[in-house]
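Shown below is the structure under consideration.
By written order: A, B, C and D. Residues from 1 in each chain.
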Amino acid sequence: MTDRKIDEGTRGVFIIAPTPFTDRGEVDDRSTDALVDFYLECGVTGMTILGVLGEAPKLAPSEAHAFLERVSKRVDGRIPIVVGASNPGTDNLIRFSRTAMDLGAAGLMIAPPPRLRTDDQVFAYWDEVLSRLGPDTPVCYQDYPQITDTVTSVSVLHRLIDRFANLVMLKHEESPGLGKITQLRQRSDRREGRRVSILCGNGGLHLPQELRRGADGAMTGYAYPEMLVRVCALFFAGETEAAEDLYDLHLPLLRHEQQLGFGLALRKEVLHRRGILASAVTRHPGPRLTARDHEELDQLLARLNRKLHATE
Amino acid sequence: MTDRKIDEGTRGVFIIAPTPFTDRGEVDDRSTDALVDFYLECGVTGMTILGVLGEAPKLAPSEAHAFLERVSKRVDGRIPIVVGASNPGTDNLIRFSRTAMDLGAAGLMIAPPPRLRTDDQVFAYWDEVLSRLGPDTPVCYQDYPQITDTVTSVSVLHRLIDRFANLVMLKHEESPGLGKITQLRQRSDRREGRRVSILCGNGGLHLPQELRRGADGAMTGYAYPEMLVRVCALFFAGETEAAEDLYDLHLPLLRHEQQLGFGLALRKEVLHRRGILASAVTRHPGPRLTARDHEELDQLLARLNRKLHATE
Amino acid sequence: MTDRKIDEGTRGVFIIAPTPFTDRGEVDDRSTDALVDFYLECGVTGMTILGVLGEAPKLAPSEAHAFLERVSKRVDGRIPIVVGASNPGTDNLIRFSRTAMDLGAAGLMIAPPPRLRTDDQVFAYWDEVLSRLGPDTPVCYQDYPQITDTVTSVSVLHRLIDRFANLVMLKHEESPGLGKITQLRQRSDRREGRRVSILCGNGGLHLPQELRRGADGAMTGYAYPEMLVRVCALFFAGETEAAEDLYDLHLPLLRHEQQLGFGLALRKEVLHRRGILASAVTRHPGPRLTARDHEELDQLLARLNRKLHATE
Amino acid sequence: MTDRKIDEGTRGVFIIAPTPFTDRGEVDDRSTDALVDFYLECGVTGMTILGVLGEAPKLAPSEAHAFLERVSKRVDGRIPIVVGASNPGTDNLIRFSRTAMDLGAAGLMIAPPPRLRTDDQVFAYWDEVLSRLGPDTPVCYQDYPQITDTVTSVSVLHRLIDRFANLVMLKHEESPGLGKITQLRQRSDRREGRRVSILCGNGGLHLPQELRRGADGAMTGYAYPEMLVRVCALFFAGETEAAEDLYDLHLPLLRHEQQLGFGLALRKEVLHRRGILASAVTRHPGPRLTARDHEELDQLLARLNRKLHATE
């Protein structure tokens, strides 16, 4: 197990991992191992498991537990693992969080419950959750209103950052939401508040802009993690144009995968085609690809490969 | 025209008026006059026109203008008229508001646009609207998230009340939302902020509780306005049990009329049956009563009349 | 265990049970037993557990299992128990459903997942779920768009009723939605489709109208179940006016309890005051009563008791 | 005025036009003329005015009327003009539609009202609207649930296409929604129903995939219409790879502009920088660009121009 938990200084690419299933819908241990190995080879900074892409709410608790153990064992401390812990009940959330941390999680990714309204409602939820988790459990705030219909204002984030030292990372997914990154960075640049890590999700659809505005990397599940890793590395090395050149080659596929909900099936299929997952199955209710969807993906992948070859 | 505009001290019953149509769907001037006369006979404190119940967004601007003129003329200054002025465009809102005030409106009822999120978004909207309307145009804030999906926090209301003297009234409709009244009243009771008028809508479904918590009356369209008037009068006279006794007699019909969206057709039908409106027609898209709905209403009205007779 | 499962002919009052907690938030076995005893004394036809009111998503799976066992044992076959089984994952749903049926459930209550759109999406969901549950597992369709934002059309219900014999009951909660009952009944009256049981929820806010339109009873959690039982019995005996007289006495409290979300806290408090629950605690995130809310409830209960005495 | 109205065979690029304002927020006639000239030079097939991008709900009716007249006069029959006519009231919709057609519109673009649920609700709305418009008024169905939260199923579209000859075009914007195009095309290919024109909106984010699935072109407001025109022309000429090569050059800016709501400000700014619009002002409530947003746009435009130069 890695000793380091995530913290305010965490940067790089935390890849969002799907949960591999067999064709019969059972959690696939062998593909899980293969997936971990693949991500490590890609050079990701960390992994995030049991999120939306991981179909967490469709797993039995025992399955989630076993999957976390399997991943943790395979990773063997080489990279930090962030574990999705969102839950409609706070007792359940806390209980699972303790288990995850005991199993070696580097931190938790938590989204607020659906349809909170008003700043006070959002703050009050986190006040309870972050207090109960306690100072030793670092939290990544999944800010994804496209899924939750809960919008978190910048001022609530500021209040939470000021109050809770264990809020160390924002998974920024709101869109439109580029300005939010700038507002958060301006405040910490002016020394008016703590600087937290910002990793960007939402399929990576605006990653170059996000990095330019001060994001620390990506936390998303694009099926070519090596691109995310390279783009972030180039950005951090100041080679922003080279970073964008590479990113733009992938943008057609990336924006195809970014389709909300449907993207899950696409990503699993790409990972299947790349030889990582034995099966691209998703659990019900979940998206399914038609023959026409497969054909479309053929074309997008063929184009991507042609372009990648051409630039080698 | 009445000289008095609405202000923080306004109390009583502002009846929400439907816009009467003929069977062919045209604005019905004669029924408009009859409606005004009826409301005056009922003893209402004021009228609110061109709101949701008034099907305002389905009127041509010229129709809205003519209706306002007609009502204003018929009322002839005997009671204040609040005019609905919500609009997706602020220029349009301001323009119509000026017209309405010129025609003798006592104030405007405005709801924020749909699906605002975060306190700052809500505040920013009102900052623009209340500033542009200026200090001489009193505004009733229609707080009706069941329709707008925009929730206004108590703290935003406090900020707006502190900043804008022309925000003089809250039309309280959020539900559940009884606590909101208490929070607003506690603040002004502690002299921490200005006390504004609170009139309650949402069909009157919680009117006694709202009055006990400090509301100043009702602003809703229940088709027996005389009940609302009497209940408020009794409450203000300290005869709360008598008030509730009368209210409870009406509660079965009132909660039937309160059905969101559908209630419009019911109310127009009741006003038609009471001889006020020549037609119960609503404009498309709008609810229509089936034969079974009519039969149900027969039963509810028959029961109400029996109960009212029994208590005479 | 009762031998009879729910079926198309089921009628009466299935009371929706909260899950009792101790002040420390643990499931309270003693209060669970007391609750069962109370419901049996009230004469309810059946119980429905682990629904929204039962805070099911906030229980650990082991707690849900133990609660179901406890209730089942205490009921000891005297009345049927419907068990809430809604789940974001169908595998989880099926697994829990099997467990529940094995533990003696008379049927399952299932709501479709949130935010389905189009008739085909709704049908496709149920096609999978009802097929996999199989013909021996009777299902009550919880039709509650106020919570799920999934609206089920009458024609989808018809298609499902025609296709799946295990769909035996509708928990009707949509509002406005009285016409839906009539449309369903007209079809079965014309012998165009199977007649299913319709029990009405939504706090009982329109119960008399629903019964007149052909509903078979109530499935809701009003804290005076004896009223629901008596009202249904009177209706079924043709004494509709007496039924409504009794119902109307309770309507002020019933509509107070019916406040969406907030009602949970009110119901637990009323059951606590009536001596059934040792504690009125709800789990986080959940509503909490303020001192002012308690005072308001005092008044409502005092009025109800006065009225009930006066009519004895 | 062009003689041809839009019909089932319409293909190409209908550019969605913003409504130009002066810095003071008044409709800017001179920029309107320049915009028309620019679009004609770009070679667009048609124009679509008074849609969401046109800020139609924020115009006074007289402004909308004057703008339509101005555009119509400037176009002078050279290309067809589709006019947005969505309206919360059907009478208003019909009235404005007649005016628009009298002023030379080639057809109307209409979106269903917000938050319809169930297939029957959607069908019933259109039944009224399409019947009342009559057979001589061709309609483009704006299918944009991201804005309306009304999802239209494929089977409702089939029913409407079968029933109403004046429904000639679909503005496809639902996302994820590529499969919808395929389902519509499969049906008409199998001669089971009329083939309608499908033009794609949603900022053009999936245009190549949409064209491959059988779309007839684009109806969106990307600020480089010449790209849309060229991409469609190349596709129709069978040069799909060349089409995608060009498209992909623009994709970084296109996906930046596609940000829901915020994109309006970006597009107006790009058109301003390109010398078409005198001012990039949007009306309140509307998005505003910060200094940082401007800087970001600088970078995106600079990159685009470099790439375009490099490929010349």
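Just so it is clear, a contact is a pair of C-beta atoms (placed from the backbone, for glycine too) under 8 Å apart; a residue touches a chain by one contact, two chains touch by 3 or more.
By chain, UniProt protein names: A, B, C, D = Dihydrodipicolinate synthase family protein.
Just so it is clear, the structure is predicted and the values come from calculations on it, not from any experiment.
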Compared with chain B, which chain's mean CA position is the farthest off?
A
Given that chain C and chain D are copies and touch, would you call their interface same or different according to whether over half of its residue numbers are shared?
same
Could you give the separation in Å between the centres of chain C and chain D, each centre being the mean of its C-alpha atoms?
47
Taking each chain's mean CA coordinate, chain A and chain D are separated, in whole Å, by 34
Which residues does chain C have that touch at least 2 chains other than itself?
none
Between the chains shown, work out who touches whom and classify the graph as line, ring, star, complete or other.
complete
Chain C residues touching chain A - in the complex, by the definition given at the top:
25, 55, 57-61, 88-92, 95, 113-114, 125, 128, 283-285
Using the touch definition from the top, list the residues of chain B that touch chain C in their complex.
175-176, 178-179, 182, 205-206, 208-209, 212-213, 241, 244, 248, 251-252, 255-256, 259-263, 290, 292-293, 296, 299-300, 303
Using the touch definition up top, name the residues of chain D that touch chain C in the complex.
117-121, 145, 151-156
